[in-house]
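Next come the structures, one after another.
Across the two complexes that follow, chain A remains constant while its partner is chain B and subsequently chain C.
What follows is the complex of A and B.
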């Protein structure tokens, strides 16, 4: 009985709505699907992580509220500060180096007509390669003789072999190199697209006025590329702040080593959560990472977008 | 009419299901994925089911990396396995979470366990109760490359028996290029492999110390003995230059490639080394000290009954656990996996002892120690870092040792909370 009554009632209610209201209702009913989906699998777990960071949950026994204990422990943990520094080293070295290289490549590649597509594809291939596979290949490149290719070249020239991944100073740049190399293709493509979007009439006018190439680059190309640069800076910064695969796989038996000199925050979170099963502490680290990512992105948007 | 038939059919179906449930118990067994272990367990389950028609065993496996997490999450949620495989070092964590229950004394009397199994099973004992039993155990031994021994002028049938001979053999077998770089190691140095166990339970004891006291809850290696042991280990690279940490990436890789004359590793490596075709290798007991004192490190995965199992499932689980820790099961396991039987009678047969491969490992079991880790990965990391500080940062071994002892004590204390 109720089954027949309901549609009639709702049909009448539906008829009473104006066209505009109906449209809004339709729009929201479609939007509701992704919103519900994201709330359930993205936002809800995020909030859970925030809540977890105030507990001492270790997976094996029920969680108990410990207040700010995890955050206090984090601030007093020398490992956290070391890892914090490493994370920023990845960002501070990785982002400018990768942007300068990719801009240079894009700037000159843009002028190359001969086999342009092929060369561009060559730059893009590393981006398509699995980070794990790449990390393992590079890891072998860095080995001491007789198998490491870099050290083989060095000894061939009579230069003493370098420890690379087994050094507390060389390991971080050594790990960063393949990460920069892998991201290059993507950045080159974006830069080329940005360069192509600049109207050629500006360049023509400048050339008629006899302006040098360097001035053109400084006064026309770079200012007009600003939106592209902003996008790439934010995008690659987030990437370097979240670096994990390369680090984890290149020092597989001592991840983040030697002596934690290559350990980024994400790896510390992983180890705290899934090796030591210290979920509450790991959640606190996650919250900190979230805040760092948020702050860095906001600052960059602010600095680069205005003016 | 049709409706009535349907109802009748349904009722019949339900009654059949119920009848089946009454006569057959299904229990679930979990272990991590390792091809030969999975196959061996399938074989054991088949035999067990043939002997116990009323019981079926469901065998579930997970990759090792996520195994512990899965077990904890499932058992806490009241699901998951009835019988579970766990590393002996996880017992405290599992106990704290009430994930496992004591083995019922009627099926597993303590005097029998203590007289029939190797003494290392006491690592599964807490508050007077046993919480699990292993099918197989693993110990360490010295693997040596017979071809490299021959090439270096060493007798391939007389592997080093004490540390002095060990060092001499390494010095003879190491090969360097013109610039002094090692191209073939005398011995592998890989703290992330088994060397940290060798240092902890063997070298420290041979230097007259103990790694821990108070049931492994107090770090005791910040001592003269600990320092001598660390010094001996790091000297292999810095003073005698017979090995290089990180050479060929991993110790076992160097040995497998024929680029290391000796390596210390466990029974679990036999499978990988059996595929070596380019040279013949041998196994001998870990080197003794100058007075002939030997030590070894043994570890194992035990089988336990999970916390919430009761009633007929508990009875079935007891039977299954008794079977997979029986001499028959151990023999099958040894042949399929290459891991040593956990019972003396099944292990120390004259056939096994005479076996050139198993023999040295079995002899090692007699005097082996088992470290009661609270967090094996973290405690291993402490040892890795300790050696790295000396080898990479040239830190004074004494200072590095003190730092390691402090860091490890902090890990143990935190776990006790």
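What follows is the complex of A and C.
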């Protein structure tokens, strides 16, 4: 009896609502599961990460509040400063190099009509590859003669072999190379889309005035491309600051080596949390990573917007 | 006359083929070939036997699929392949459904709290995944999700990026279409699913491509949340396989090829949609 009465009653209540009220109820019913998801899987863990960073939890003993102890330890840790420097090296080399190459390619590729799609595909396909798979291909390329291709090419030209991944100075750029390589295709496509969005009338006016190609590039193309450039600078910077897959795989016997010269912050976090199980300390490192990403994005947005 | 108009519309076509153009084309082409070298060498070496690995020629002398037979024979790679496929498909379906639903609600419904919900979701973009993995791992071990498919999938079931992308696109859908649905007596869910969704298919394909690719290649979280070989995704499995093979490069390249070939095939089939999707996502996102 009640079982049948209830839906009928609620149906009548539903009918009494105005159209507007009904739509509001629909909206919240659409949002119910997502709000639950974002609260449980995004917001709560964020707060938890902050909270854990003030504890000494290590999976074995219950967490105890230690205040800023983890952060003090981190600032006093020479490894952290080395890792901090490495992380910025990935960013400072990776972002300009990849953007200059991808812009140059996009600038000229945009004017090419003959086999345009085919050439674009050659640049774009690496973007679709799995970083882990390609890390191993590049690792193979860096091997000494007679295995590695790079050293084979060097010896053909009579240049001595290079240690690449085994060198404390060459390993970081060697690991960065596949990351830059894989990202180029994406940047080229975005740059081309940005170039296409610039109205051709600007160019026509400039050409009628007899302005040189270089001046057009500097005075018209680059300023109008600014939103695209801002997006790509921020996007690729965040990518380089979070580099992990390549580092972990290319020197798998000593991830981050040799002598920690290639270790980025994310790898340090991984090792602290899941190898040393020092969760509280690792949480403090993730907070630092968050602050770095936030600061870098804000600074870049600020600088690039002003100009 | 018509020729002149066409030439004006397309400033490039106005110029005849000059030596400079040919040089630029050639340089771009060579650059593209260089870009493809790692992939080509990987594929070529996967077809060589161990004695030919040191022979750095691109075309194998006696190409054979023996390495593939050897790598695939014990079924591990097949398992990892299916794991990755299953995870990526489930997460993609979930994102297409929920990101669109939320994006649509935020774009097309007027209600108090809409702006707060939008800002709250958008603000999660600032939180790097790495910051959440420790709480996620804690959550996964408390609920017994470690070493399960759900454990690999749950962090990515909805994304702020996808929601933002879909919201941008739903805002371009004219309200008249939705009103027409209401006049026809459709409920709001049906209007979204039957009327609004078909109008934003380019955005849906962009979202699907990005989500699938991101999950197919994901390494960091699957590495953390899986312990047993049977639950590894392809990148995690490939990494452990490569470590095990040590210096058998032809085997490692075969494994790497198995992870790469499917995306190459998908790209060749869907090239237009993928490139357009990347452009859409990049410009709107």
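Throughout what follows, the second predicted complex is superposed on the first by the 276 of 307 C-alpha atoms of A that agree within 3 Å, B and C clash if a C-alpha of one lies under 4 Å from a C-alpha of the other, contacts with A are read in each partner's own complex, and residues count from 1 in each chain.
Rule of thumb we're sticking to: a residue touches a chain if its C-beta (ideal position, glycine included) is under 8 Å from a C-beta of that chain, and two chains touch if they have at least 3 such contacts.
Predicted model only: the values in this text are computed from it and were never measured.
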{"item": "Between chain B and chain C, more extensive residue contact with chain A", "value": "C"}
{"item": "Touched partner set for A:274, first chain B, second chain C, both or neither", "value": "both"}
{"item": "Partner chain(s) touched by A:287 [first = chain B, second = chain C, both, neither]", "value": "second"}
{"item": "Which of chain B and chain C A:168 touches, first, second, both or neither", "value": "first"}
{"item": "Touching partner for A:140 - first (chain B), second (chain C), both, neither", "value": "both"}
{"item": "First (chain B), second (chain C), both or neither touched by A:258", "value": "first"}
{"item": "First (chain B), second (chain C), both or neither touched by A:61", "value": "first"}
{"item": "Chain B versus chain C as contact partner of A:14, first or second or both or neither", "value": "neither"}
{"item": "Intersection of the chain A residues that touch chain B with those that touch chain C", "value": "140, 146-147, 274"}
{"item": "Complex contact set, residues of chain C against chain A", "value": "8-9, 11-13, 24-25, 27-29, 31-33, 35-36, 38-39, 41-42, 45, 53-54, 56, 98, 101-102, 104-105, 109-112, 114, 117, 120-121, 124, 126-128, 130-139, 154-155, 157-158, 163, 187-189, 192, 213, 216-217, 219-220, 223-224, 234-236, 238-239, 242-243, 247, 249, 252-253, 255-257, 259-260, 263-264, 267, 271, 274-275, 278-279, 282-283"}
{"item": "Of all residues in chain B, those that touch chain A in their complex", "value": "65-66, 68-69, 72-73, 76, 93-94, 96-99, 177, 179, 181-183, 190, 192-193, 244-250, 259, 375, 377-378, 381, 384-385, 388-389, 392-393"}
{"item": "Chain B partner contacts - residues on chain A that touch it in the complex", "value": "58-61, 139-140, 143-147, 155, 158, 160-161, 163, 165-168, 253-254, 257-260, 271, 274-277"}
{"item": "Chain A to chain C touching residues, read off their complex", "value": "23-24, 26-28, 30-31, 33-35, 37-38, 41-46, 48-49, 52, 105, 108-109, 111-115, 117, 119-126, 128-134, 136-138, 140-141, 146-147, 149, 152, 178, 181, 184-186, 189-190, 192-194, 197, 200, 203-204, 207, 231, 238, 242, 244-245, 248-249, 252, 266, 269-270, 273-274, 279, 282-283, 286-287, 289-290, 293-294, 297"}
